[in-house]
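Next up: the structures, one after another.
In the two complexes that follow, subunit A is the common piece, with subunit B as its partner first and subunit C second.
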Partner chain A sequence: MVQSKKQSYLFLAFCLVPTFILFAVFTLYPLVNGLYYSLFEWSGASSVGEFVGFDNYKRLFSDEIIPRTILHDYFLVVAKVIGIMILSTFFAVALTQMRIKEAPFYRIIFFFPNIMSVVVIGILWTFIYNPNLGLVNSGLEFIGLEEWTKPWLGSETWALPSLVLPSVWAGIGLFMLMLMGGISNISKSYYEAAEIDGATEWQQFWKVTLPLIWPQIKISILYIIITTLNGSFIIVQVMTRGGPNNSTHVMGSYLYEQAFVKYNFGYGATIGVMILILSLITVVIMQFMMRREKVEY
Partner chain B sequence: MKQRRWLSRSVVRIPLVLWALAVLYPIIWMILGAFKSNAEIYANPWGLPEVFNFQNFADAWSNYNIDISVFNSLIVTGLGALLTLAMAIPTSYALERIRFRGNRLLFTIYISAMMIPMVLGWIPLFFLLMQLNLLDNIFGLAIVYAVSQLPFSIFVLTSFMATIPKSLEEAAAIDGMSPYGILWKIITPLSTTGIITVTIMNMIQFWNEYFMALIFLQSEENYTLALAIDYISNETQYTNAWGTLFASLVIAIVPVIVLYAIFQRRIVKGMTEGAIKG
Partner chain C sequence: MMRKGMSWFLLVVLMVFGLLVGCAPGASSDDGGEDAEGEEPATDENAEDGEISGELEIQYFVGGYGDSWWKEVIGDFQEEYPDVTITEHAGPNINEEMRSRWVSDDPPDVVYIDGAGSSETQMVEDGQLMDMTEWLSSVELEDGSKLEESFIVDPATYDGSIYSLPLVFDTWGTWYDNAWFEENDWTVPSDFPSFMDTMGQIKEDEGIAPFVTTGQYPYYFLRGVLYPAFGAAGGDELLTDVIEGKEGAWTSEPVMNVMKKVEEMQKAGYIDDGFGALNHTQSQMNFLLHDNAFIPVGFWLPNEMANDTPDDFEYGFIPSPMQDEGEPGAIVPDLRPLAIAEKAENPEAAKAFVEFVFTKEYAKSFSEHTGAIMNLQGVDLASSDEVPEFLKKANEMINDPEQVQIYQKPHPMSASLETPISNSLVSLMLGNISAEEFAEEAEKAASEYRQSLE
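Take a look at the complex of A and B:
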């Protein structure tokens, strides 16, 4: 290289510094500052808040809605992990192993909701759940189960479970494709060997496919957990705004309400710290639980 | 044996067909609803429209300011995507090709930002934008969007640039090309595939984004499409103008359908790779 040392440093700085400054200002600084804000009582009206130490955290522990929001978040995590993993594993196996000739059609269709806006998905499903016009109630009436019809999103018992279906509907495609990628890397010889040994297709699934795509399953589960804890509030905000009577509030939507509707910015930041800590703990625990010897045949 | 295979394949098809219907039916029905009059939606919410009329689109476009929000969304999407590239390409090149102290650390910082819940940062960001006079400003939103997609873009671009043979850069350097020239005239054109993938993913992301827009935009003339639709949806509870709502949903979804139809493979690849990094 003919360039001088100074010139190459200059080039390096040109590549890295402007980007890092923007990243630091708009991502790192707000995150760190969020921790700091949680120690203040701040309505946003004055330029500085009042330092209150850990008062916001005390309030967090005595707030009766907080345990409910945590519970709702983990309910969505568990329901989504179960729903998405069962369906996407089934579809992935069906589309790769069963030699279905129209498989590309299903692959393309199933993936599409993944790139739809959460707003569109939320509004569409709000209408599907509409008590008078919606597909769910009309469908139930059609098959003669009129006593099962209810105002799904308006019911304190049913609103939260009703949010699971749109999330699963919107999520399946991506995880199906990730698992399909794993399955297509499995050598055909394993299945041939299993067949010679007389293993049924069901046994092949449990003894060959599942252990060999475990890495993809693990990544999918972690990804569902992270995206749910960090993003479930978006569908909540669009479909129910946390109601009726706080029965669908998750941590993020409660943060939004406290900070940007009620202007308790300090307390909102405290909820944000809680979200950060809980999602980190959950990811670490899940990684530990799903630790499993890498399978090689 | 063969017969059993055929049988099990048919049994497997049932859930596949059902799920395909579950995905397609609401979408098709939403598109049909956009062409129905309100009376028709009430009389027969799940049937075909009698005549295709575009009145709902006209209403949404002019009475509900969808025209302004489409324009805002286009600006935010285009500007955000360009800005992301301007930030991500040089940094990706340096992280991938130049050895310097702290290279691994910097890469790790960028990548781990993908896993951190950004909700916590949104409160300080709100005040930061306020101080910079970028609150309730679509250009401010474009900057925030661009930075938010930076980690993902760097992740995809570095792995893409790693596949470009080093000999090309070396040859260009021997010919006396400056590192800036190498980056601009050799690396950037050779990374086109990666750049397109990243840009499509980012554009879909920005076009669809809702929550940051909800927090950082306030006045109606700055609403992006996602906010405008949400606004119409809330109005619909009182006005019951379902047709207008569906028309605006269709306006929001058509560009995504078009991109998906053209770039299906790239989008799928971009999404699965983006997820696997986790």
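Take a look at the complex of A and C:
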């Protein structure tokens, strides 16, 4: 039976309209709302706000802390992309290719941090970094590297790098599973053929595995970038609240401080708009950079 | 087709935008005034028959002081005015939870302003609190004396008007473990030189950094150590200039001298170098565990840490000893006010409640319940067995001008000024910048703050 045009439109509407309404209410509305508030000087705690046009945006460009927060965010992005991708690729290859007997056990262990809330992870790691009782400093003392101990999260220099470890630790599992899925889809015959041609394991990884799981790697990298730009706020807020002396503020935590601590809700919304724009630009650039022909053998 | 899709999208965006304008913050403060007038008739109705009735909503933050005192007072008020239906909004996160009510101009009637997420200054700037100047002059205590003359510390004024009544007289100071000090024969410091001596002694004896504070909330040090130091160095005037960010205040000589002292403490290694990452609970835990010997916190410390305090620990409280040799100690009270919302729906009941709370009887029971002092003069604490020992001593000390001078700040420092100054302060206390650099950064923050007010 051939559907009439009307019927097919009705069906389409039936599928799309509810989704679109939800999308409008939960995504478009807050988005536009944020844009709108960014034009106000508003404390966020009263009904009185003053329309100030683009004043908040002017302020954004003269705020000395903003460039630092952006830098911190991208530092975390780069460190996390490198750390997570190297480790998760390594583990994925090791668990699928090296015929380790305990592979399922390790899979669970590595995935474990992913089922924990980031808040819990943050609190856990503040204890690990605790200058007096923490695992890191006691570990260093134990192996005789006492001069390396420092108040990790309390130091303006070391606080931000210290945040990388928990973020990487928390991220590995998910991407490892994604890459393992990709690797297990590669037919064994490629490796056999490569082996007959005399390729070493290293060459097999570079010439066979990597090109064939490139789509998964690409998605993983984009996902890390987006979640870091939007979500690094949580770990910063839990572990350092942006301190000491703004040395760990990322855009999100600075937004929070402005909007809810210093009562500059309008300015906070402006920072939100900046995060949106920067995330979009970054993702577009990364898409462009990681463009590659799809490989098939 | 594409173009049609685009125009649809634009239309929707426009519609959403249109909807928003209806529910966004009002564009001018004039609206507020009209609304308030509109509600006047309701007020009169309640007051007409001379009876206090209707619904009374009370918002109070529950923190280190607990809520047992509030339960008692509210229970008694209910008995006194049975026609009033009381709704309590209370808890440690109540300021966040009630924010939407304040934003939508439907605030509770009475609010106790305390804890994270609340700011008296901000509420006054936003016009959310009722001007009580006139009403206050008519309120009398049970013995006939005027309430406005019975406060230990007078209400904060904003351009001469009073918007809140200081309920809790709290004060910051420096804590130590009396038992531990006696055991080791350490001298309790009384001025800055003796403070440095004692800290040096403790560092030598125990191998610890004697002083700790929270780096995540640097205002503990600002309010607990620097304010009194500024008070001792330049009196109320300097304190006011510093809090209001007056030009040149942060680079002035007395301020520089104080900051030099902080630098000295840091350079001597007396400030725990891990303090930067500690939140207030962690720093207080370290203090209780004898990882450190001194910590600046307010009166609420023993109550807040009651469950974690070791049995042999004996809280001792001194005014933060930052003043020069031979001068009396200095404290700067920190007041937690009670206020009535500008848009209270039942202002008569709200006023009755506020009047009801300010009595000497409740002031005494406040100290028994919370270990802090209510802001009323002439309350007899010494006779009560339930008031903790440290508080009796502190109360005695506060009332002896030879030992302790009380300095008053005009109002709390605005968060827009306090945050950047606190950040630089952490840097100074970590030894990353010098006192001079700190003063420069603070002066710059003050100038930005002044600009933002214009």
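Quick notes on this one:
Everything below uses one rule, namely that the second predicted complex is superposed on the first by the 267 of 297 C-alpha atoms of A that agree within 3 Å, B and C clash if a C-alpha of one lies under 4 Å from a C-alpha of the other, contacts with A are read in each partner's own complex, and residues count from 1 in each chain.
Basically, a residue touches a chain if its C-beta (ideal position, glycine included) is under 8 Å from a C-beta of that chain, and two chains touch if they have at least 3 such contacts.
Keep in mind that what you see is a predicted model, and the values were worked out from it rather than measured.
If you put the two complexes together on subunit A, you find that subunit B and subunit C bump into each other. Contacts of A:L145 after superposition: neither subunit B nor subunit C is touched. Contact with subunit B, but none with subunit C, is seen for A:G34 once the two complexes are overlaid on the shared chain. By the touch criterion defined above, A:E257 lies against subunit C but remains apart from subunit B after alignment on the C-alpha atoms of chain A. Of the two partner chains, neither subunit B nor subunit C is touched by A:V78. Contacts of A:I275 after superposition on the shared chain: subunit B is touched, whereas subunit C is not. With both structures placed on the common chain, the touch criterion links A:T126 to subunit B and to subunit C. By the touch criterion stated above, A:S117 is placed in contact with subunit B alone, subunit C being left untouched.
Contacts of A:I285 after superposition: neither subunit B nor subunit C is touched. Touch counts on subunit A: comparing subunit C and subunit B, the chain ahead is B. The interface of subunit A with subunit B overlaps its interface with subunit C at residues 28-29, 33, 37, 44, 126, 260.
Listing the residues of subunit A that touch subunit C in their complex gives 24, 28-29, 32-33, 36-37, 40, 42-51, 126, 129-132, 150-156, 159, 239-241, 243-246, 257, 260-264.
Contacts from subunit A toward subunit B in the complex involve residues 1-3, 7-8, 11-12, 14-16, 18-20, 22-23, 25-31, 33-35, 37, 44, 87, 90-91, 94-95, 98-100, 105-106, 108-120, 123-128, 133-135, 138, 169, 172, 174, 177-178, 181, 201, 219-220, 222-223, 226, 229-230, 233-234, 237-238, 252, 255-256, 259-260, 265, 268-269, 272-273, 275-276, 279, 283. By the touch rule above, subunit B contacts subunit A in their complex via residues 8-9, 12-13, 15-16, 19-20, 22-27, 29-30, 41-42, 45-46, 87-88, 90-91, 93-94, 98, 100, 106, 109-110, 113, 115-128, 143-144, 146-148, 150, 173, 176, 178-180, 183, 204, 207-211, 214-215, 226, 229-230, 233, 242, 245, 249, 252-253, 256-257, 260, 264, 267-268, 271-272, 275-276, 278. Only residues 12-13, 16-17, 19-21, 24-29, 31-32, 99, 102-105, 117, 119, 122-123, 125-128, 215-216, 218, 273-279, 282, 286, 291, 415-416, 419, 423-424, 426-427, 430, 432 of subunit C touch subunit A when the two sit together in their complex.
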